[in-house]
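Naming follows writing order (A, B, C, D, E and F), and every chain is counted from residue 1.
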Amino acid sequence: MPFEPVILFFLLGAAAGLLRSDLKIPGVLYESLSIFLLLAIGLKGGVELSRHPVAELLGQAAAVVAVAALIPLAAFPVLRRLGGLARADAASIAAHYGSVSVVTFAVAGAWLAGRNESAEGHLVVFLVLLEFPALVIGVLLARGGNAATPWRRVLHEVFAGKSILLLVGGLLIGWAAGADGIRPLDRMFFDLFKGMLAFFLLEMGLVAASRLGELRRAGAFLLAFAVAMPVAAGALGALTGTLLGLSVGGAALLATLYASASYIAAPAAMRIAVPEANPALSIGTALGITFPFNLLLGIPLYHSLARHLQGVPA
Amino acid sequence: MSVPIARCTLLTVVCEASLEDDLVADLGTLGATGYTITDARGSGAHGVRDAAWPPGANIRVEVLCDGRTAEAIAHHLEERYYADYAMVLFTSDVGVLRPRKFAP
Amino acid sequence: MSVPIARCTLLTVVCEASLEDDLVADLGTLGATGYTITDARGSGAHGVRDAAWPPGANIRVEVLCDGRTAEAIAHHLEERYYADYAMVLFTSDVGVLRPRKFAP
Amino acid sequence: MPFEPVILFFLLGAAAGLLRSDLKIPGVLYESLSIFLLLAIGLKGGVELSRHPVAELLGQAAAVVAVAALIPLAAFPVLRRLGGLARADAASIAAHYGSVSVVTFAVAGAWLAGRNESAEGHLVVFLVLLEFPALVIGVLLARGGNAATPWRRVLHEVFAGKSILLLVGGLLIGWAAGADGIRPLDRMFFDLFKGMLAFFLLEMGLVAASRLGELRRAGAFLLAFAVAMPVAAGALGALTGTLLGLSVGGAALLATLYASASYIAAPAAMRIAVPEANPALSIGTALGITFPFNLLLGIPLYHSLARHLQGVPA
Amino acid sequence: MPFEPVILFFLLGAAAGLLRSDLKIPGVLYESLSIFLLLAIGLKGGVELSRHPVAELLGQAAAVVAVAALIPLAAFPVLRRLGGLARADAASIAAHYGSVSVVTFAVAGAWLAGRNESAEGHLVVFLVLLEFPALVIGVLLARGGNAATPWRRVLHEVFAGKSILLLVGGLLIGWAAGADGIRPLDRMFFDLFKGMLAFFLLEMGLVAASRLGELRRAGAFLLAFAVAMPVAAGALGALTGTLLGLSVGGAALLATLYASASYIAAPAAMRIAVPEANPALSIGTALGITFPFNLLLGIPLYHSLARHLQGVPA
Amino acid sequence: MSVPIARCTLLTVVCEASLEDDLVADLGTLGATGYTITDARGSGAHGVRDAAWPPGANIRVEVLCDGRTAEAIAHHLEERYYADYAMVLFTSDVGVLRPRKFAP
């Protein structure tokens, strides 16, 4: 079975969009599903955390975050010089690729589970930690440190933003309640997770299809960037994970995190903080190309990278 | 049974939903005594915004106020948001029962 | 290709969503031939009504009718609801294709 | 137990409507539930298909579709001559009754399951195949073949329409993934199916109650038609299913399909293709009378017809 | 574990509100969840009822309702004289506290289940019976019996209102279908109950946080009332339950019902029947103070009251 | 602080939601540079349309354009849809900041 079945829902949504079907996922369903997914991922991570001493993670977490900062810092000059993009656009795209996609992470988790392969549960903590530093870096890159950035507003947007709030909230609830306390909620948050993910991917397929038109404005450079960037970042992630002693599954998940581009938290934050950046460019590449690329090809690729780095046979 | 009707300005703004919080704060600062918001979708110079997901959603904001306040708000929005955001704005003349309610 | 346009009154009411059924009944009694409702949120003298739950939701009601009917409706709403409910009301002059449609 | 319990939710909704309760099912919930039901039915059928060689079904499917075409072709002259209806109205109603109701099919499936009776899984394929031919026939009947029908638009409305797209999409996903691949989605799409159906029926009860007023315009002829037509079509279905060698459950399901009238795909297509038809007539009869008739009396009736035709004791 | 984990979702919602997060629960999700919860609680009660002869409950039910009528009748003079509130405001608040909160009841049930403690299933019937009498009493108190109350309208609002309709409808369906008939719906209505409750509490936390501002207008008297009233009513409930021979769990649930203040049915009914009452006062106290108080402190308190009254060790 | 306000026509259409795709296509053809849509319910000559399910839902479409375009759109809608669909249409005179934006 080459594909994880939930990916087929993405393809169905994309087909519906391209066929100009009258299928429309109500915006409210999108919002409800994203609340569900963020909370569920947080809860899962929290339950995992409650099983381990948190202190042990601190070093690993610091390394994971520090290395990840290289992604937007490397992407920015590439986008500026090779791509000839305006400062704001380059900074905004760098922020999107430096941050992470919660749904790509969830699909990678499902893909591993489908192969009966396990991964360290605390990867969810890294997901939370990786979401926001790139957004701050992106704003700094756009402003060059000088102009009047509404920092209070931006930091509030990031930290009180829906994504971080629900992920961290879920993490804390899962950690406080532990596996036993959460059990009565398992039927909702864990058993239905994959079904909800399937619905969300159906919706993202529809949205991605409607963004394809905007890619014409993006040009060949950005199309290439949208594939090369995740591969490079994924390789960095597989290496980092391996050096930090993660399992193959864990390194593949970290690679997926590095490779993924945010399209929930980043667009919201960049729209407020760097409004002069054209959102069609960043969302078009992140959602229109990188997201399906990671779903269809990236995840297996990062996994086999991790496997090779750790010398594990297929 | 005659209700005395006074004149007042209705300012309508259609813009990206992500501006809602900022806009509401601006309206208060600029002297509006209230506002009404509905969710919307649409199309214009910034392309189709079909509200299929949050970054593509619009809102439609109405403000009843006196002409001077409407002008101040329009001026501010043009300065602050027109360059970077999908936004359209129009004003019309309406009759209200209690004009005091809409003066700062 | 010229379409003859006649004048007509557009009455717009923004109020608490809990009034919908009563308001619709009133409109019929007072001679409106139709109405259009959209869900809304907003702020005014009765504070912020952000539609996060039913008691905090607004509706925006539009009625096309002749001036006399609009006056009757405005008068009735003022008498009946203004004291106790969050409500705003304004009228404007619009052009329609078939004015008969909107006369009682 | 005379009723399948989900039917009680329909009655509750209808009671709420008749009592003018302030209970309102948000339109968005209706849309979300119908996406769920269409996808879930498609998936179920696809999983069944993956177990059987598809080629064997072709003959049966052709027969099922050909016989079903008789339904709108017979209904049209009855509506025109006996009912004295305008050409467009007769054609539109014929299309509604020629097409099928996904929810009636789902309730019949639940009713059979409640009696521990099985049916051929590939009936879902017939559901998909029966949805659209009657719509095309209805348009042809309305136009008499001559006038300027926006065929491109109509065919697009039918084939890229939400119903067909989700049913066929679900079918393909279920077929590609197979029972094992779909398993992680079972909790969502199969375990919750009946609960979602209950909610949908609650909503349909509310809508049906609000349509009763329109039936006054319909007159006695249409009321009689709305009961006689499903019984006749149901008998035809029970016979066809029996001749094609289906089990009692399968023949009862096919009878239910023939007897059911569409109120999701047909209203949408007819509104575009035959706009001069009065939707109050077709929706009023299909949803206000035929749908509850089938739920409460039709399904057991078609089942006992199938039983008698196959000489199976109760 | 001091807290029932679902309460943590309330706290998360409240935190999001206080942090002015952009997290917004769509209004439609609120409505969908409340339909689910009301129906599910009704179904659960109906299944319980189908196991017992209904006649035996009549005496108990009459006593429970009669004693409960003391709550608004006692609250009104306190609010009028000690609080100096206007007649309409005092009557409306009395009605809110005399009626019951379905969600508080559900959390108390979950809290008991988390301690493996059982309670009489027919408590749900009392929930239904306790919802409306206080609303009628409130209207009578506001009107002093003389003015032109739109009684038809008010009674319709109460009895055809969403809350009563779904609770009673669920009760009847559960009772008619029995445990076996409802089984295929268990996955939806019972297994997911606690997860749905968690989502609803997240939303209520957000709403409650946004109501805190209004409490400033309420003044110290109302703040004290919002804590003292549930404690007094809870003690009355624990005593009544014990005298009627309920188990500790049952008496604790009855105490919770008495102590809880309505914020679904009461606000809707009072807005129509006593429009001159300021809803900020009644909703602010009921939802902003009494609801979280009951969740965090009240439920364990009423339970230990019931335990002491029945002489059961912890 | 004065913002020059120019006159422009606001055309509002309330109709069955099933017409949305066709209507949007028509607007483009007839020279509108944009539109705004909100979901609505209502009542009129075609009975109550309460948006409880898709066939009973309305939309409310607004188009800012010059008078000539508004007339062309109104004319087209009347020809094409009035006979068979629930639809209401009205125009009003509004002020905009950048009239060029709304001319074809």
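Definition applied: a contact is a pair of C-beta atoms (placed from the backbone, for glycine too) under 8 Å apart; a residue touches a chain by one contact, two chains touch by 3 or more.
Chain labels with UniProt names: A, D, E = Sodium-dependent bicarbonate transport family permease; B, C, F = Transcriptional regulator.
Note that the coordinates shown come from a computational prediction; the quantities given were computed from them, not determined experimentally.
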Quiz prompt | Chains touching both chain A and chain E | solution = D
Quiz item: Looking at CA centres, what chain is most distant from chain E?
Solution: F
Practice problem: Please decide if copies chain D and chain E contact each other with the same set of residue positions, more than half shared, or with different positions, and reply same or different. | Solution: different
Exercise. Please flag the chain sitting at the greatest distance from chain A, going by CA centroids.
Key: C
Quiz item: Looking at C-F and C-E, which pair shares more C-beta contacts?
Solution: C-F
Quiz prompt | For chain A paired with chain B, centre-to-centre distance based on mean C-alpha positions, whole Å | solution = 35
Quiz item: Just how far, in Å, is the C-alpha centre of chain E from the one of chain B?
Solution: 40
Practice problem: With chain centres taken as the means of their Cα atoms, state the distance from chain E to chain F in Å. | Solution: 46
Quiz item: In chain D, which residues are in touch with two or more of the other chains?
Solution: 22, 24-25, 28, 31, 192, 268
Exercise. Scan chain B for residues touching two or more other chains and write them down.
Key: 38-39, 92
Exercise. Would you mind giving me the full set of chain pairs in touch?
Key: A-B, A-D, A-E, B-C, B-F, C-E, C-F, D-E, D-F
Quiz item: Can you name the residues of chain D that touch chain E in the complex?
Solution: 1, 5-6, 8-9, 12, 15-16, 19-26, 28-29, 110, 113-114, 191-192, 194-196, 198-199, 202
Quiz item: How about chain E: which of its residues touch chain C in the complex?
Solution: 24-25, 27, 30-31, 203, 206-207, 210, 214, 267-268, 271-272, 275-276, 279-280, 283
Self-check item: Residue ranges of chain C in contact with chain E within the complex
Solution: 16, 18, 22, 39, 47-48, 50-57, 81, 83-85
Quiz prompt | Interface residues, chain E side, partner chain D - complex | solution = 28, 31-32, 35-36, 39, 156-157, 160-162, 165-166, 169, 172-173, 176-177, 181-182, 184-185, 187-189, 192, 268
Quiz item: chain B touches which residues of chain F in the complex?
Solution: 1-3, 5, 8, 10, 24, 33-39, 64, 92-97, 101
